[in-house]
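Note that the chains take the letters A, B, C and D in the order they are written out, and that residue 1 is the start of every chain.
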Amino acid sequence: MERDYIFTLEIAVRDYELDSEGIVNNAIYLHYLEHTRHMFCAQAGYSFSQMEADGFMPVVNRIEVDYKTPLRSGDIMLSKLWVETRGVRFIFHQDIFNKKTGALAINAIVSIVSIENGRLGRGEQLVKAFAKYL
Amino acid sequence: MERDYIFTLEIAVRDYELDSEGIVNNAIYLHYLEHTRHMFCAQAGYSFSQMEADGFMPVVNRIEVDYKTPLRSGDIMLSKLWVETRGVRFIFHQDIFNKKTGALAINAIVSIVSIENGRLGRGEQLVKAFAKYL
Amino acid sequence: MERDYIFTLEIAVRDYELDSEGIVNNAIYLHYLEHTRHMFCAQAGYSFSQMEADGFMPVVNRIEVDYKTPLRSGDIMLSKLWVETRGVRFIFHQDIFNKKTGALAINAIVSIVSIENGRLGRGEQLVKAFAKYL
Amino acid sequence: MERDYIFTLEIAVRDYELDSEGIVNNAIYLHYLEHTRHMFCAQAGYSFSQMEADGFMPVVNRIEVDYKTPLRSGDIMLSKLWVETRGVRFIFHQDIFNKKTGALAINAIVSIVSIENGRLGRGEQLVKAFAKYL
């Protein structure tokens, strides 16, 4: 079920993120997606560095990305997300749009699990921290 | 249908590819995957820079990655692939293994399309170049 | 001779820019410096992509960086610069400060030359474009 | 005083390391330099991850790079170094050559200090570990 976005981050393309074809390299979008998740967590009051200090290590378990319209030099993007839980996984639905044209640049589904003391955890503290967004 | 790998590249983890958790960052694997595809193309006799010179621009259309066992400082990986066509798409099946332990680090399916003169092309030259691998 | 900064860009540290020591990796600062120069050029009315379209290729000729206080997760920086010419070189004086503490993170001197049609050029168009800043 | 190189690492350019000008981005060379130092340390018997485990944190204090001949797609480099101490600093002299043409790509001087328990240390264990190379 589609849900409304709960967080939007504006990010400007940096020229070193382009590859020799003049478009943002495919791997760089994963950086944008991660940065967006981390900024969301910080805004939600539970920063990634705090998680690490608390003994949680959120790790990416699976990622699916559809590349739609390439971003280029000078572009500004709106990176949006919503999140749900499925069992022990946090499923982030993340879409990135070209701010100027409104075109969808990529859509992505990112599955995160919580490693606690070296083992797969239930992420209960995370569920509590993000309760109002789930 | 599973097929045999047709190309293997050995890659050493570089410490700057680690994130603050001490494991290779999730985006970096897309760099490994791309580098493996490009080295495969070069070995197959049709380098990425030659493609660009010929007016082809292979671009990533979709990517799916399952992250299994994190790679760490000092690890060496074996990055393997096989490829098939589906319509105008080239589907690369790419798996990365920890060389020492044999553990699967990630498996990935990467879909590539060929942009020719700014439009989606049939990649006929690519099919010809890679005929014996398809 | 020290001069006043003519451009300031605010940049947030992204967690993937940290290395396993939890501080921003030394190479990443060169990305910050480049991004700052490109944003300065764009604001000055002559974007990097326009330069490329015009047949100019500004390239880094020499760089000196002193690393003072490491930036960490959550930090926001103020990246400042002023520029002068020395012969055919554009010398960018670039300092990055921690916005919150005011501490100097790095200071850098970056020398840029203009390649025109594959050869070292005098960058006359650049001098004209940036005249009021030199 | 110039000294003989004590370590050489062969590295292939990866296409994602190129920028939109088709040459290796200036920041990427710092990654090559760091990777070369870390591989040297590993070969010398004291890996970077072991240093971290021992409570040492070698950090880059200053870097000077002269960019001579750009590396491009398909190029293989020979990354060479020698090292000396100056007070508490380890000074790495690092040069990168194009393997095929022999042309100097960059030369660099990288100053490293050792942070021990959060403070500048004398790096005595490092001096001992690298004694035969100094």
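Here is the rule we use: a residue touches a chain if its C-beta (ideal position, glycine included) is under 8 Å from a C-beta of that chain, and two chains touch if they have at least 3 such contacts.
Please read all numbers here as calculations on a predicted model, not as lab measurements.
K.L.:
Report which interface contains more C-beta contacts, comparing A-C against B-C.
P.N.:
Between A-C and B-C, the larger count of C-beta pairs in contact belongs to A-C.
K.L.:
Centre to centre, by mean C-alpha position, how many angstrom separate chain C and chain D?
P.N.:
So the centre of chain C lies 23 Å away from the centre of chain D.
K.L.:
How many angstrom lie between the CA centroids of chain B and chain C, rounded to a whole number?
P.N.:
33
K.L.:
Could you put a whole-Å number on the gap between the CA centroids of chain A and chain C?
P.N.:
Inter-chain centre distance comes to 28 Å.
K.L.:
Counting only residues that touch at least 2 other chains, which ones in chain C make the list?
P.N.:
As it turns out, chain C has residues touching two or more other chains at 15-16, 20-21, 25, 27, 31, 34, 49, 73.
K.L.:
Think of each chain as a node with edges to the chains it touches; is that a line, ring, star, complete or other?
P.N.:
Contact map by chain: complete.
K.L.:
Tell me, which parts of chain C touch chain D in their complex?
P.N.:
20-21, 23, 25-28, 30-31, 34, 49, 52, 57, 59-67, 70
K.L.:
Which of the residues in chain A come into contact with chain C in the complex?
P.N.:
Interface residues on the chain A side: 12, 14-16, 31, 34-35, 38-39, 42, 47-49, 72-74.
K.L.:
In the complex, go through chain C and note every residue touching chain B.
P.N.:
These residues of chain C touch chain B: 15-16, 18-22, 25, 27, 73.
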